[in-house]
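Next up, some structures in structure tokens.
Shared chain: chain A. Partners: chain B in the first complex, chain C in the second.
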Partner chain A sequence: MSGELSAVKVGFSYGGAEVLRNVSLSIGAGSQVGLAGPSGSGKTTLARVLAGLIPPSAGHVACNGAPVRRGDGSIAMLFQSPRRSCSPRMTLRAVIAEGIAGVRGPRRRREIDAGVRQFAARVQLTGDLLDRYPHEVSDGQLQRACLARALAARPDYLICDEATAMLDAATTAAVVRIISGEVAARSLGVLALSHDRELLEAWCGAIKHLP
Partner chain B sequence: MSAAIRAEGHTVRIPVDIRGEAGWVHAATSVDFTACRGRVHAVVGESGCGKTTLATAILGMLPAGTRAGGHLEYVDPNGRATALTGEGRAAAARTAGLRGRQIGYVPQSAATYLTPVRRVGAQLRETLRELRGQATAEELLDRVHLDPAALEAFPHELSGGMLQRAALAFALAGDPDVLVADEPISGLDPHLAQLTLGLLRSIADSGTAVVLITHDLQALALSGTADELSVMYAGRIIETGPAVRILTAPAERYTADLLAALPANGLHPMPGLPPELTNLPPDYTYADRLRAAAELEADHVR
Partner chain C sequence: MFSSRTSSPATSGPAAASVLRQVVLPERSRAGKRAGALIGAAVLAVIVAYAVFVPLIAGTDQKLTDFSSARLPPSSGHLFGTDHAGRDLFVRLASGLRISLLIAALCAVLAMVLGMLVGAASATLGGRADRSIMRCIDAVNAVPHLLLGVVIVAMFRGSVTAIVASIALTHWTQVARIVRAEVLSLRGLEYVEASYLLGRTRTQVLRRHFLPAALGQGTVATVMLLPHAIWHESTLSFLGLGLSPDRASLGTLLQEAQTEVMLGGWWALAFPALLLVCTTLAIAACGNGLVSTTAGRS
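This part shows the complex of A and B:
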């Protein structure tokens, strides 16, 4: 079936430790699904399996009807720690440019610059912040840059793994608003993973649980 | 109810150098603040509004070259005041004598403050020796609801929530009169956050003045931990009073907007972005941010 990102009877073990057993889940294009579960319930593992970063030990994952392939650009991720997902030696402009060029984006300097401006504005990062390095901005500002990088790749699906856990309430609300805007505007499918049920209830249409 | 920390007109300017351009971070401006024994005084606000600098100032650990104005002092139970800001060796010796003993500290990332290659128990006993604490390591762990087995563990063998509670035990080792906790519940599961807040409450109930710095208004509102609440914006305390009153009927637009951004209240984003504290205009307020956001909005429509 096309138009969804799905996990079918997925299992995963790290060595002998079984983390996921028989998990099925699907995210339709243009929908937002919340996945709740306490620390250690396997949320991050499921996120990585869905994104094609690690193969499941049982079952399979499919994106729009085809097997998920690592790095094909159709699935983007937003992580908990923006600091750990940005090179300390790249400016915010370079971070976003990575997303613009991505795997299926433009290669010309001028097009990349225009794209950076467009997506920086979308996440409300103003001009002078773009020339700073990660250590010169706050967690909230850096997570906005990571969101711009993720959206700039024009993915079909976005997986947010505790993406707001380090942020204050105001930045959390802003990030959720920006993502929801993309869902409405271009049918982005979103999976939001968090231990915070209340956040997921306010954010997503549907909530599922990992045991 | 006696004041243990007292600030009047407390102002902090920290020198910075961004790409060769010198500037001043306006980290605190005319801050009036009181923390009393037996009470939890929470300080809330968006990231980057000066909360951590207030904690750093109370601990006497502002960076070198900082200019501090006004007063910030520790008042001992006999009413004797000690200034917490000021430069030079005398000031450094003054605050070093208070740290750990009269003023305890729970850092934001507890895990990074412990040595990874030594067991928790060895480090806690060393802290007790250094501070001449009266309690035993076992008693301290019991106070923070940690199993004594944690003493035999290396830091990486404990979970984030356990490490956070261990950090609380370290802060209590010197039996401090004041406890400053900087974002102690950041990144914790809701039930662990409530557990930690409950511990801070019981520490205050035993007579300590607790200064709780957090951006997690949600957990604060749920737990009812705080007695007093101060809201910081752009280095100033813009609203202060009983926590229950401020959480239910805020007087300031900023506080109301901050509360509306909570998931429980509908995740309404706040207009605009918090200001950079570097070279902040002296009379900057939240109204300036609202105006800038409205102008940006109008530009988009046009």
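This part shows the complex of A and C:
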């Protein structure tokens, strides 16, 4: 079916250890789906399978009707640790520019610079932070830069893998508000993975549970 | 009392030993290596200055012979004495050192470029390509380096290019292994996965993330390769396979010293050998300092 990111009877094993078994899930365009589950339940593995980073051992994953393909620009991810999500050798400007100049973005330097300023403002990052390196900013500021990078790629779907687990309550609320704004503005489909059921209830329209 | 037990020597002893083992000793070791690196750098600077400036200041051709002053021992007129053809060894040794350092630097840079590209590409590609490349590296390592070097040099006798190629082509594998290990440790990191999701190709990820990240380790490996390259050049020249005898290098000077020593000319062997050892130790100390700095950062 087109207009959704779907997993049908997906299974995955690391060696002999089965992590996912018969998992089916779909995220429609413009919807926010929460996926709750305890640590070790396979949330991150499912996120990586959905994003096309690893192929499923069983079942299949489709994005807008076609088999999911890594790097086609339709899916972006926001990871749990902002420190591991940014190269320590790149400034926040370069991090966001990487998203702008993705497969769907411009190639000209001037357009990329304008895009960086636009998306930095959208995630409430001030201009003076853009020339800093990851070790010079807080986790919250870095996660905003990661969010700007993900949104700047103009994906159809955003997978947030415990993206607010390392943030304080105020930054968590801000991140959720920005993502919800994108959902309303351009029908972004969001899959939010978390062990925090209360957060998912406040954030998402529908919540599924991974045993 | 609980408080008196925690401060008793029975419990504080092992804790103190643990702190000593885990914090104080490694920190002292690092500080020692840094001090060694500074001394090494100072010695190396003097050696390089000697190799660069002495032939320029001396103003005499190190190839000119003067048989009337052959085999003179060290004196105020000839600091390192003269050789069998009456050439001043202080000037000739500087010229030889310059060539040896140049060859070593070229070898190290070539080995670094080759090793970094192959190592990073191997780790980036992964799977069968990675395994195949690593088996090729094993194959290169399986052949004795000197033997392979001798074969290459024997095909192009007396050529600097052949010497550089023979050393670089047998030593890039160490850099490749180190860089591969570094890239493998980065491959699963989220920023690399994010880059792939944004549509970056393997080549772009290699260029943007892997090579800059591996540059530090690659540079350290290259610096550690420098003294080894100097020894290889000297060995090839000593065996008569390196530069022609009229072109001084540390190796050719040591080769000439064989007969000089038999005739009592100890200085012909002592000064080139001393300089070879000092250069090697100075570069090795700098390399150890670099390793220590990199480990401290990580």
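What we mean here is this: the second predicted complex is superposed on the first by the 211 of 211 C-alpha atoms of A that agree within 3 Å, B and C clash if a C-alpha of one lies under 4 Å from a C-alpha of the other, contacts with A are read in each partner's own complex, and residues count from 1 in each chain.
Keep in mind that, in the parts below, a residue touches a chain if its C-beta (ideal position, glycine included) is under 8 Å from a C-beta of that chain, and two chains touch if they have at least 3 such contacts.
In this text the structure is predicted, and so the values were computed from the model without any measurement.
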For A:Glu4, is the partner it touches chain B (first), chain C (second), both, or none of the two (neither)? neither
For A:Asp72, select first, second, both or neither according to whether it touches chain B, chain C, the two together, or no partner. second
Check whether A:Ala202 is in contact with chain B, with chain C, with both or with neither, and answer first, second, both or neither. first
Determine, under the contact definition given at the top, whether A:Ala170 touches first (chain B), second (chain C), both, or neither. first
Between chain B (first) and chain C (second), which does A:Glu136 come into contact with in this model arrangement: first, second, both, or neither? first
Go through the superposed model and pick first if A:Gly102 touches only chain B, second if only chain C, both, or neither. second
Between chain B (first) and chain C (second), which, if any, makes contact with A:Asp113: first, second, both or neither? neither
Once bound in the complex, which stretches of chain A touch chain B? 38-39, 124, 126, 136, 138-140, 165-174, 176-177, 195-199, 201-203
Chain C contact footprint on chain A (complex, rising order): 48, 51-53, 70-73, 75-77, 79, 81, 84-87, 89, 98-99, 102-104, 146, 149-150, 153
Which part of chain C faces chain A closely enough to touch in the complex? 189-191, 193-201, 208-209, 212-213
Per the touch rule above, chain B residues touching chain A in the complex are 18, 46-48, 159-160, 186-187, 189-190, 215-218, 257-258, 261-264, 266-270, 272-274
